[in-house]
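Per-chain residue numbering starts at 1, and chain names A, B, C and D are given in the order in which the chains are listed.
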Amino acid sequence: MLQGIYAPIPTPFGADGEIDWNSFKENLQWWGKSSLQGLAVAGTNGEAVLLDADEKAKAFSFVRDNLPAKMKVIAGTGCESARATIRLNRTAAESGCQAALVINPSFFKGSLDDDSLYNYFMHLAESSPLPIILYNMPRNTALNMSASLVVRLSAHPNIAGIKDSSGNIVQIGEIINKSAEGFAVFAGSANFLLPSLVLGAAGGTLALANIMPEECVQIQKLHEAGCLDDAKYLQMKLMEINSAVTALWGVAGLKAAMDLLGLYGGPPRLPLLPLDDKNKESLQKIMHGLQLI
Amino acid sequence: MLQGIYAPIPTPFGADGEIDWNSFKENLQWWGKSSLQGLAVAGTNGEAVLLDADEKAKAFSFVRDNLPAKMKVIAGTGCESARATIRLNRTAAESGCQAALVINPSFFKGSLDDDSLYNYFMHLAESSPLPIILYNMPRNTALNMSASLVVRLSAHPNIAGIKDSSGNIVQIGEIINKSAEGFAVFAGSANFLLPSLVLGAAGGTLALANIMPEECVQIQKLHEAGCLDDAKYLQMKLMEINSAVTALWGVAGLKAAMDLLGLYGGPPRLPLLPLDDKNKESLQKIMHGLQLI
Amino acid sequence: MLQGIYAPIPTPFGADGEIDWNSFKENLQWWGKSSLQGLAVAGTNGEAVLLDADEKAKAFSFVRDNLPAKMKVIAGTGCESARATIRLNRTAAESGCQAALVINPSFFKGSLDDDSLYNYFMHLAESSPLPIILYNMPRNTALNMSASLVVRLSAHPNIAGIKDSSGNIVQIGEIINKSAEGFAVFAGSANFLLPSLVLGAAGGTLALANIMPEECVQIQKLHEAGCLDDAKYLQMKLMEINSAVTALWGVAGLKAAMDLLGLYGGPPRLPLLPLDDKNKESLQKIMHGLQLI
Amino acid sequence: MLQGIYAPIPTPFGADGEIDWNSFKENLQWWGKSSLQGLAVAGTNGEAVLLDADEKAKAFSFVRDNLPAKMKVIAGTGCESARATIRLNRTAAESGCQAALVINPSFFKGSLDDDSLYNYFMHLAESSPLPIILYNMPRNTALNMSASLVVRLSAHPNIAGIKDSSGNIVQIGEIINKSAEGFAVFAGSANFLLPSLVLGAAGGTLALANIMPEECVQIQKLHEAGCLDDAKYLQMKLMEINSAVTALWGVAGLKAAMDLLGLYGGPPRLPLLPLDDKNKESLQKIMHGLQLI
């Protein structure tokens, strides 16, 4: 039901550092006209850890209210504590979102073994009014969710899938192979979308889908149609811009790319810094080379 | 001025998961009678990442109000965003705390190079009414603050010191050697207190000081008096219990040890779990062997 | 020219710790009748780092002499020093091997940046009578060869390809995408064979091919024929045994599996230990479940 | 018996890449007049992994023959295989060396858990005619020998000590605290010599001792005499040059420093490269600042 390509959208801030709701609305109108299956709000690219709980709550309903009904909204609700995450799961449900994206807590990594994380996510699954999508992002959390943990959790009817941003294709294969029927695995980056689809992934939640939604959707369509050569060609093409926009420059790169496209990117919040002029120029060249601008 | 031994206190929760202020008060009375230089509130052992901003604010003033005036209170204010940290720095100052302990943000580790962190901490130093103590905790953040970054930051008059929990004695030595006059370096664990003092550390902020405050203070006194053999003997003795209570079992171990001592430990918040019975028994044996109980 | 599936064969030792040439010959006769494109001698599974230079030299010619001419022999020649590697490259050429597999040196990892490794491999490429296949094995070397380094090296006419055992599918994709025309990329493990082929890999050098050569070859054939569903089914099936035989138990697991199949595995050399009885039993169950025995 | 300060000497190569025995002799005469307790041959700074077994054997006897009898010679004999290490242990004994320095094997790190390494070192201890000094060098091996493993091994009468280059002062403290009576712990770098001595280390095996032997010996003397302030002052001074010569530039830095001092450094072997001109200039400034040249 959830399968397809999602964009994990950035949160637009004005010069005063506050959320710029007008720009946000314009961005949403643009994405609303795309072929995307939906959007993910307050994920890594949404600078979730730099937002207050109130801001997240408002963003959930704002995005839901400004998107066509057929598009799904996945709310990023994961915090370090079960307590705060549970509250946001409820808020997200009340806002009409379709699923909650829950990153694993990671600060106390020395204590968070597989059993602790299993207990944590089962506790959330029991209490959440929305289906939960696990979110594995070891590059940021420095704590990988193992295939065996994810497989165990997949048995719970309220745990619907995982966004795996590890890029570990063997782990992704093992999860797909052994998880419960209907459990949806989403590639967490355009960099490994096609290999994941080939192994049976249900789609992707891709930073690149913010700025190149149609090309990302096209890879999945080509794969489904059995046009593997075309899919591979497109995969290779997207890898270059994706590495620059997301892997190398992170949120600042994505926001700068949105500005260059005529959408609103704006500055990230401190401690993040906007892309400097030299890197902006490099980005411009890459996007120009791909005829995006 | 800040030099000496501090306990980074745990936050006591009741069976309902809420802060148990009565038990908190009793713990504070016990620490208040100790030889400690002061307490650190809402640090790692205080489960800071599992507390709301309101809870932290209340804890700052509660601790300040329930301790003798001569004891210092260091407020753990560091969040992922500059915005939230700045707010807490102000709250801590209004509560009468003496310094703010600011852990480096780490979620966006791919973007947080030395220059970004320098910019972040300089921004905080300019805006904070309290002197800032940097807090390096790479075991939890997976992002070490380098000696050269800390040395650069030490030049700011409102950056007073660092709690370095890395255990990297070469890094600690380099910071002491090159940082600005008066910059105070605190060992972040009893495990490397004496080696740090020998190189010129100003003291320590030690989980173990919660349950063995006098022994921790004694190491510093013995070092100052030139009784190196006695200091070494005590250091070795403390290493064993410290490894169990803090390194191995984390917050759950510290809280269980407090319960065994007749103080109030209680359960940690989810995703953390209380020490299981088997480990509690091991802890009891270790503490019995040291004649603590 | 080199493309296809290779088995990186183990080196059989007798009870006295010396190479058991008779058993070696019998194993070679079995592999010689398979559909494999060739064998790799003295790689990781060949316990290369536990062999003397003389033993390697003898193994190169022994394998070449005991295999059908149509099968290719790739000689593992990489040592920590250029000096020793150059010698073995010459020996391998004199033995009639078709290519040299050269793992990157790694002991001095602090000094071996991309430029040092580029210089090293260019030096080898100039002096080697055989085409060189780079060998990236970061799980053992703790030093990954970056995509950009490999792409630079691919321009040299005597550097023919890479065995990439990193499992990093994004890196594999980048290398395929940007390396020189004709540069052959081999998946270093059956665990990620199909995803690599989908992105354009030339084949694989797979521990699993020692014991299940036909199934490994079949994945490549199914992919070439466009039978992606069947290829995926087989990939998933092989992942389970492969994880046990190679990832979990290493050389000892592979040797035990060969013993169970009626080939000669025998004991590894110290410091490696043979599989213990409990794990042997688990292995037997897995292989029985797959109807291998 | 072994306690004191040792220099792990570099191996001098001529322009042709062969060992330059004449220059080697001159270097040995210089060290032979120093206050050092002895030398370590064919360790990390001796480029052991780039030497043939024959070259190591010749170096052991050459060093022994060209040093005063009162100076101890520790032979670096550790290879990846037990087989090769055992041979070198015998050779070292026949050459009149006093102890064998055995680094843990590390290539098969996935299989080398504490039990495997325990078995390996016990096997060596039984067969070695010389007392064994364990050698922990995780920066190069990417495999740390745990305190509990070392403590277990310390019980064997033929395992005399450890050179711990980890820089992990807590681990060093734990080993000293729990190892068998008489087991000697050597700091593996001048960077943490004093803190190790304070906890009870028996001495150090220090790259810096190659070029500043007297200052290194002086730290231990000052510590023994209870002159902690002077020892600390010297420790801080040595940290700067040590970080440049060994941590930053590795073997190439050490060899360049020897050249600048009028000893023979010469080029390292490939894949290592000599220090480039820019870094040589920086090194010259550092050494000039310390009045070494």
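Following the convention adopted for this analysis, a residue touches a chain if its C-beta (ideal position, glycine included) is under 8 Å from a C-beta of that chain, and two chains touch if they have at least 3 such contacts.
Not measured: the values here are computed from a predicted model.
When chain centres are defined as mean Cα coordinates, B lies farthest from chain C. Centroid to centroid, with C-alpha atoms defining each point, chain C and chain D lie 35 Å apart.
Taking each chain's centre as the mean of its C-alpha atoms, chain B lies 50 Å from chain C.
Of all residues in chain C, none touches 2 or more other chains.
In terms of inter-chain touching, the protein chains here make up one closed cycle, each touching precisely two others. Of all possible chain pairs, those that touch are A-B, A-C, B-D, C-D. Of all residues in chain C, only 17, 44, 49-52, 80-84, 105, 107-112, 116-117, 119-120, 123, 139-142, 247, 249-252, 269-273 touch chain D in the complex they form. Those residues of chain D that touch chain B in the complex are listed here as 167-170, 173-174, 176-177, 189, 191-192, 194-195, 198-200, 226, 228, 232, 235-236, 239-240, 243.
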